[in-house]
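In the two assemblies presented below, chain A is common to both, partnered first by chain B and then by chain C.
For the complex of A and B:
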């Protein structure tokens, strides 16, 4: 058998050398990182008093002075991290003073240069820091970077930075338009980023829902979902008739959350909606707003073909006082023997049982007595139910 | 003939008082830095003075060293608390580089931190002398007695530190905790007048902490929630748990200070 021993030995030598080289590289990296950590810790101790000074004087008319000693690169990075944290945590004068301090320390110019001249990773890092420091003059370069960027997580780092640095609504709109080109439904993430911008978010979202593009409408609706002013209700009302079902549902949700009264024609329109989620929302809103005038509508909804609507309506009637409870028991008695009747009766009995455990609360006690009385009157002829006084 | 006996503290107190009064007469405010130091001679005093003047040319600095008490005093004409604090950074850097610093630097500005009475100045000097042997940090002298105590529970070092510094300057006694369990343990031990808590806390979250506090001290357990959770649901849940007020991040310190003041006024 032929064995080329010399080749094998050479191959082994190469492997050993490669191993050694890799070991040296790994140890060098480890040593460098340890050295950096040590430097950072030493600087953290050194800088402690300076940061106390910054925190004490952060609300002053004048921004705090730069530290009275020079900083090397690592120290500047530590300083940058701390200042970023402060800018994120504070509003008003303290935030402005921290931003001014970043300017005085040369951090703004440093990152602007990196954004314009650095490699890809350097540019992303610079974009992040410029965003933290709310550097408005960085917006054009950031928008340019965003335009040519492919779709990955860094895209959102740049977009968020643009929102933070935005000079006006137009910058935010430009950012949103570029992101929407990627055609992905990240509307909640976009809304979260828009909320970082120092602009009137409500006005921008309201403007978005006026547009023709469904994507802008979706963003506007996502943004408006936490608003409860009546003006929002009138803004979204038009979208209840949108051909897009998701938009319809979101519009109804916001509309019902922001109104204090729902006109009868709207109630009827919503309860005839083909989506049962919309009918459920409507019934729940009537109960939440305690609109006793719509007990008759709730009664009809009890017999809705969707079990979810029927259930929501029954639970809603239980919240609408004596009259609602009487209506629920009455309808249950009417449909006794059917599947729906059985379900409603079970629901009432469960409610009686649950309320009987909370009789220390006066409201629950009143509801218990009402429900027990009407149940006994209409359904519970064979059972003895005790009323609590 | 009356014989007046003065101890070494009285000597330096009177000397410092003279400096403070003449500085206030000249420029309405006066900043003072005290630092326990060893072996200060005229040369090092001149070096320190030059360095401090270089950093802020608008201020005139007087430095003197009290040999019996081994304390360095720096008096800054027109020294507000902010400018005196900054000057103390320069002085500390110099003293540490020369290996002269033996304790904490105590900073004050009169009348910003109180009236420069003999007893107040003596207390101030004593605080510096007593700091001998401690780590060379910079501390503030405040005349106010820390009658009201506040516990801050937050995972964020910057927020905790910021609120702590601001409240200590206003005369509050402040305790800190990084998680819910630590906060509850401190609460049980010191029964603070007010608790400021984040809702996102490890081990025991903010809601649990509030409920535990209410269970422990339902009448007095006042809690302000300071959180980045801005949804109405979180707010309602916090109030249901027993929170007295709700402040959202990013925080406005003046809003928080007013709310703390309102909740602790009865103390």
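For the complex of A and C:
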């Protein structure tokens, strides 16, 4: 076999050199990281008293003074991390004092310079720290950086920094518009970032759901999902008829969470919705709000084609007092022998069993008596399965 | 006599030609495999930098308290896990994650797994609403205790790991499912880290794999890994460097080109509706973790659904590595069997077909040629070497040079994995641990890799003999 052994030997030498270089690099990184850890530990001891002073004076009218000694690069980075943590964890005056301390230490100017002049990785590092320090002057440069950035994790680092530093709603809107150019459905992440901005989030989300763009509506709905004021219900109501299924579902979810009463026409509309998730939410809301007036609607939902709706309706009727229980047992008797009837009967029996173990509670005892009575009456058992205590 | 000599000479000439041809084939095979290895490693190293930035500049503590991270159902299949199930479930219940449920599925264990779960967590039988998306073995009962509102326990007939996962999917409430082995420990913020990757692209991310690290010799307290140490015993130490090379050196690179073929069964997160769309986990054979990912690739590519199978190296799951030859060989034979089954069942139908893109043109050829068929090339190579020696076709110098080229071209990949480890994670703080990692990266080439080839070959024999037993598996407590 023809083999050019000389070429193979030369290739081997190259490989050996590359291996050696790589091994040296790995060890060099290890030594550097160990040295840094040692320096950090030493500095933690050195700075302990100073941080005690900072914490004692953090709520004062005057921000704390800078430490009375100069800091090398590693020490400055450790200091920066500690201050970042404090800014993240504090609010109000303590946070503002920490931000002012960063200014006095020259950290703000240092990172602003890095943001404008540094390499790509330096810019991302600066963007992160400026965000932590809530440096409002950095917003134009951060927006510029965000404009041209491709979609990867660093894009969201810059966007979050803009939200933290935002001077007003407009900065946040600009950030959102740039991010939506890469739209990949990251609405929850966007909302999480927007909530870091020092603005009226509710007003911004309410404005977003008024827009025509589905992306903005989605962000608005994600943001409003934990709001329970009745005003939110009226704001999202029109979106229940949106052609987009996801928007419909989210709108129904928020609507049902924030109302105290659901009009009959809305109940009927929602219970005819093609998505069974929407029907489940509706019967759950009726039960949670104890809307006894809709027992007839719940009764119909018991026979829904979706098992999930039927199950939710049965569990809901159990919570709607004597009348609800009577309806549930009545329907179960009507459909006895079918798969659905069997399931409903099993559900009632499980509930009787569960209630029979909680008879020390007067409410549960009342429910138990009522359920056992209607169960025997409608489902025709000869003897009680559990005696009333 | 002359005729006999003539025929003998003819046969020798033919053998020489054949060996020569094989030699060229083997050389090109080695060149291509090395090229692909280097390509994937280069991609892994390139993607380490953005990964590192993602890890460094995201405040996990804050994100883990956010109401905007997606809710997740954790599925924990358990078979004869009485020794570790309590500790594992307690650690899962204490994760830093806002909304999740833990569904432990007892797969008809012969030991006291079910009894321990029911007694330890005071579980009572319930009749929840369960969907029937995927058919499973008969479920004996569903259990719950309102005092542990996010813990559910399913007791079912034995049907294998895949069947248990399917039963868990049927009960799960959330749109994301996460599979976790009962002998593994999740780091407190592992789910948040995976959620961050998912949240950055929730439409396309169909699966995210976590990083599996070896817990042997580490100190575990209250279900948390406290003191990280390099394994003291030989087998776990060898597996440690092997895992590091595969996860850091391989999966980061494969994920960057959307060619990841496996999300480790020990810890991964999936979009539930996609898993249901592909029919859930395939039972009856090991390798269900690779099978589900192949099916997801296939489903998305055939239906033109934009998708990504991501890898999140900072989301760490600690697992117990086999520490004896018997258990390790059994595990590797199982893996070999699973790999072969997946390639026969799925791989060969997708390879070199343009509709399967990178997966069909790079991942599968790599996997079939260099993973599945690897034992056959290695064994034939050994026989050819003997042939070269007997027929005086190669001198010792050539053999040594080629062996050294092979060694150093593979060792540099181990160094690459160590580089990524030090650059982005630096989980082992001691210098002595780095020395050990270097040492075991060298030792891997002297026996471990060769025996690995043998185990895979034996796994294939098991496959063809229809031997589908699980093999040896012994559980021990953590901290051993």
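Throughout what follows, the second predicted complex is superposed on the first by the 353 of 389 C-alpha atoms of A that agree within 3 Å, B and C clash if a C-alpha of one lies under 4 Å from a C-alpha of the other, contacts with A are read in each partner's own complex, and residues count from 1 in each chain.
Please note the rule applied: contacts are C-beta pairs under 8 Å (C-beta built on N, C-alpha and C of every residue); 3 or more make two chains touch, one makes a residue touch a chain.
Quick caveat: nothing in here was measured; it's all calculated off a predicted structure.
*Asks:* Should A:109 be classified as contacting the first partner (chain B), the second (chain C), both, or neither?
*Replies:* The answer is neither, since A:109 touches no partner chain.
*Asks:* If you count the residues of chain A that each partner touches, which comes out higher, chain B or chain C?
*Replies:* Between chain B and chain C, the winner on chain A residue contacts is C.
*Asks:* Touch check for A:222: first (chain B), second (chain C), both, or neither?
*Replies:* Only chain C; A:222 stays clear of chain B.
*Asks:* Applying the document's definition of touch, where does A:12 land relative to chain B and chain C: first, second, both, or neither?
*Replies:* second
*Asks:* Is A:338 in contact with chain B, with chain C, with both, or with neither (first, second, both, neither)?
*Replies:* neither
*Asks:* Mind working out whether A:147 is in touch with chain B, chain C, both or neither, as first, second, both or neither?
*Replies:* Touch status of A:147: no partner.
*Asks:* Going by the contact rule set out at the top, does A:95 touch chain B (first), chain C (second), both, or neither?
*Replies:* A:95 contacts chain B only, not chain C.
*Asks:* Applying the touch criterion given at the start, work out whether A:311 contacts chain B, chain C, both or neither, answering first, second, both or neither.
*Replies:* second
*Asks:* Considering only the touch criterion stated at the top, classify A:358 as touching first (chain B), second (chain C), both, or neither.
*Replies:* Touch partners of A:358: none, neither chain B nor chain C.
*Asks:* For A:210, decide between first (touching chain B), second (touching chain C), both and neither.
*Replies:* So A:210 meets neither chain B nor chain C here.
*Asks:* For chain A, what residues appear in both contact lists, the one with chain B and the one with chain C?
*Replies:* 88, 226
*Asks:* Looking at the complex, which residues from chain C come into contact with chain A?
*Replies:* Residue list for chain C touching chain A: 19-20, 23-24, 49-51, 53-54, 56-59, 62-63, 66-70, 126-127, 129, 131, 199-204, 388, 393-394, 397-398, 401-402, 404-405, 408-409, 411-412, 415-416, 418-419, 422-423, 426, 429, 431, 434, 438.
*Asks:* Chain C touches which residues of chain A in the complex?
*Replies:* 1, 3, 5, 8-9, 11-12, 15-16, 18-19, 22-23, 25-27, 29-31, 33-34, 37, 88, 121, 124-125, 128, 151-154, 156-157, 184-186, 188-189, 191-192, 222, 225-226, 307-308, 311, 346-347, 350
*Asks:* Which residues of chain B touch chain A in the complex?
*Replies:* Counting only chain B, the residues touching chain A are 55, 81-82, 85-86, 88-90, 92-93, 137-138, 140, 156, 158-159, 161-162, 165-166, 169, 230-232, 249-254.
*Asks:* What does chain A use to touch chain B in their complex?
*Replies:* Contacts found on chain A: 48-53, 55-60, 62, 64-65, 67-69, 82, 85-86, 88-92, 94-95, 226, 228.
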